[in-house]
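You will see two complexes here that share chain A, one where it goes with chain B and one where it goes with chain C.
Let's turn to the complex of A and B:
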């Protein structure tokens, strides 16, 4: 069984936010809710790097462990999803998640959280595939259509890889091999301080 | 672009100067990063800012805005003094070399350091990287062109590539990135004040050529002008059209401009924006054709404004030309929504209403295919004749058969063609020309020499030396009947040349002889019809270095420059820097596009970039008492002001302020939001950066100099 994974290649990510906009447009995510965002470190300085981050669909997902109503579950292919009809919006998952992935609707006066929303790997939710309910609550189900998630499909530089972990790893391994010591591997010249 | 985006995959090094491809051309980055990763090709980024592209560079060179020509001439000088120039390429395919070297000698690394701020050691290092990693792909964008010496700066880039022998080679070339999928197409159609479509110019012969193509009586075209002499004269340019309305400067025009159609134009991309607004309000008629009401609609307070809602690119179809000179077909996804109509319908309705249809619209029966066919028929100068609508569509349907590396179809229905038939595509059998000036292939297979455009022999004013302009003996494309240089083809059909022979017999004869219709000549380093025959540095009109103005002064004032008197010498005041001590430069952000009418109306893009700002270095911000989140007032020497948020970042140095130019909708606290049609205001508004970009225009093209002005900054 394939295990789904994201990998953002920071040598390739150019901080264009194409992934963010593709996700929001394609899944009709409300303004203020960010299933994915691009983080930049050392902006404007040598060493500036950007990375696109969303739910990592962890193997041992802390959000699942802490959810008091068992609204969060993991599919066989590793994709972590939430049932919005079960979620009580307590925010435990938000505290447990190391990546800040769980999102909550904005705008209620008393801060009522509403059901949690996060990256679905474009795999919809527990409702029937392609049903109206599924679309309204979670957006597209591209995995059921045999397509990659919108974010990685849109990525201009193919920095954001998504899919079967084995294949993603192969693609990345080939890149690292091709880069040699020029970009980020410790090669001969670096080992002997020649650069 | 002489090469293509894909061909950058073959570069052994890349230099970007005045280009921020990561933000302006993100899709190109997959090829650029491929060359970096697979070829281990160094990326050199020359820019006043540490841009997002610089973050991907192996060598970042911070340059003072407007000093590009000095840096490039310095590189040339360094390359030649080390003996790294491509001697054989220069001997056989370059003209005016000795004259150019004479000028370049002045720009030693130390002189370059004084002018540009680039350490002499870094100039030497960059020269060495370029010399030892050939071929180099060189890219520039508006950071190279938008200066009063923009035409000299861009020529220096070309000369650098000639000296290194990087022209006509895979992985080399001068690769100027164009904005979206049809900016090159718009350029080729010459939506310009000094040209007919296909760069034919404005001569009588050019008008007669197009009259034959359009099947329109020449005299009827003449009758549309106030007098025949105006047909051959340049019009007002995009950069200064508003002066034609305001009538305050010295003009040479039969009448001031009274009416205007802005078709897909963000007026806030014009510098001197306060004058633009004044002109918009003086027009007797303003028609705006756009999917979104632009800022021009909101700032114009008169009753004479008409908004024609046009369809987006998804609601229409037709041929478009990409940055790599490739022609593609846009297919319609949905019918135009609400009241909008596509551009063809709007044009047809206008032509009918104005009563021109019988004469000027008679050849257009099948829309839009017949428009592409008219282009095929007339634009012989740049070989737009082989890309018929049928062939273009066939390419679109067989994408998968083209190779990502060399763009050629391997088998399938398009076997041997290059994707999109990059122009020139000389005949309906020709595969297209993926790399310009490449003499390793026959012309029939997509090769080309340099064009013979400037005579056969020239005597240089500077040295008195006489030189042949045709390529050296033995240098030509394989299979050429003439072994060496040859002039352009003419009189195959008497009285015509390859550009004006509508039967295209001349072009076919040349191809059959294995020769290029436009001849086989040398690329020239000396342009005898320009004020600077060889590129030199001249200080920006508003210079932060008064000491350099004396040494590198600007031009004399130029009356009747695209109909408007244009100030150079009288504008270059050395004491300006006392009151306006910081350099102002502008650019793009990845989330917004052009004037921003479309992108600021997208809620998700607006969420990502919700506010106008100016980049300011932390040190300068602290010296001026400006803290994170503070508003600042930026004032130009013309006295215009904007109020924007401070974005404190080391991207810019302590002397430079950077503004994105995509915003509009407010000015110094005043909002125009209520002036948009109800429900059509953009989500995001801000003060337009171009209110404070300075006076200044290129001496040849009149492009606005938005990249090297001066300003004053205070805490609001």
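Let's turn to the complex of A and C:
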């Protein structure tokens, strides 16, 4: 079975936040929740880099380990999903996650957190595929439709890759060999090189 | 045999040379920059702002919550009642006559404060355990409700604990004879009615008082921060660990308190309802208490 994976090519990411918008709009993500975000480091300085991050769909995911109600589970293809009907909003997954992926919409009792919301790899949730419940709770199920996740599908520079880990790695490896990486990557110096 | 060893050595030498030469050649090529953006330092810098230093408290919290906390809680709520059951069977309850003269121990205000605290604290413990063993109960709306009851009871108890503190604090400072009480475990291991070294409250009650009020304060504060994530993530992780560990102590103290009042001393529950304790019981269990 293929292992699903995200990979953000930092040489290509231009911090347009298109992935964030595509995910939020396409999945009708609750107010105050961003399943994906773009982080820019060394902003305005030499060596500026942007990377788009969301749930990493870890093997041996810490969130699954700490969840007191076992609401989080991992599919055979590595996608980590949450059952919003089981989740109690305790926030332990957010404390355990090394990537800050779990998000919590505001609930209505004393500011209690609502059920956890995170990147689903556009694979919906435990509910039946394409059911009304699934659509309402988790957004689109593009994996079941045979499409890539919204964020990577719309990425203008094709920086964000998503899919079978082996294929993603192949694509990335080919890129790195062709253009180099880090200081050797094509950029201004290549464009205005004098020789 | 010699040829075999020789060829083995040759192969190893070839590999070693290839390895050294390989890394030397590979270094200046396309991969130079790669390590920079896929190194642990890079990711730690990248996510540091969101999740703090995961390798320290994040990992500790994940490990404790995943493997240890629920086991200890399960141990506390099973082993302690079993010990008490054995105590009840082997040594049995202490019995004091309620027909003789009685001494006022708790006035009406004290009793009201006690019972508000008792109700809210019991709810806190029960709902807390429901959350910890949420997976066993299937999670979902019932456990979500438990969380909401947990926060409401906490608000009630937090106010109540202030009154508890003010009412009882003057009698709760440790005294030298408390050490003796601890050594003989309050005389609960013998059937004899021998005067036990204790003032108005014994060492067990004193530790229960300090854990419930001061410890309750710590629980309230850490719980408030956990509830609202009102601090940076590393602090929230630390507070969650403190909340759980102190919770274990408080659950065991509540179990002890309930056993003592309901079973270990027959009829002692009456003193918190009527306010009076039998003179005989006070003379033995609180021998250093100078009542009027």
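The rule we apply is simple: the second predicted complex is superposed on the first by the 176 of 195 C-alpha atoms of A that agree within 3 Å, B and C clash if a C-alpha of one lies under 4 Å from a C-alpha of the other, contacts with A are read in each partner's own complex, and residues count from 1 in each chain.
The criterion applied here is as follows: a contact is a pair of C-beta atoms (placed from the backbone, for glycine too) under 8 Å apart; a residue touches a chain by one contact, two chains touch by 3 or more.
For clarity, every value in this text was computed on a predicted model and none was experimentally measured.
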| item | value |
| --- | --- |
| Fit or clash between chain C and chain B when superposed on chain A | fit |
| Between chain B and chain C, more extensive residue contact with chain A | C |
| Touching partner for A:49 - first (chain B), second (chain C), both, neither | both |
| A:24 touches, of chain B and chain C: first, second, both or neither? | first |
| Touched partner set for A:66, first chain B, second chain C, both or neither | second |
| Touching partner for A:35 - first (chain B), second (chain C), both, neither | neither |
| Chain B versus chain C as contact partner of A:118, first or second or both or neither | neither |
| Touching partner for A:85 - first (chain B), second (chain C), both, neither | second |
| Chain B versus chain C as contact partner of A:157, first or second or both or neither | first |
| Angular separation of chain B and chain C about chain A, which is computed from CA centres of the superposed model and rounded to the nearest 10 ° | 140 |
| Touched partner set for A:14, first chain B, second chain C, both or neither | first |
| Overlay on chain A, chain C to chain B nearest C-alpha distance, Å | 11 |
| Intersection of the chain A residues that touch chain B with those that touch chain C | 49, 180, 182-183 |
| Interface residues, chain A side, partner chain C - complex | 10, 39, 41, 49, 51, 53, 62, 65-71, 85-92, 94-100, 109-112, 176-177, 180-185 |
| Interfacial residue positions of chain A with respect to chain B in the complex | 11-12, 14-18, 20-21, 24-25, 31-32, 43-46, 48-50, 156-158, 175, 178-180, 182-183 |
| Chain A-facing residues of chain B, complex | 22-23, 26-27, 29-30, 33, 36-38, 40, 50, 52, 54-56, 60, 590-591, 603-605, 607-608, 649-652 |
| Interface residues, chain C side, partner chain A - complex | 30-34, 36-37, 45-47, 49-51, 54, 58, 61-62, 65-66, 70, 131-135, 138-140, 143-144, 146-148, 151-152, 226-229, 233, 236-237, 240 |
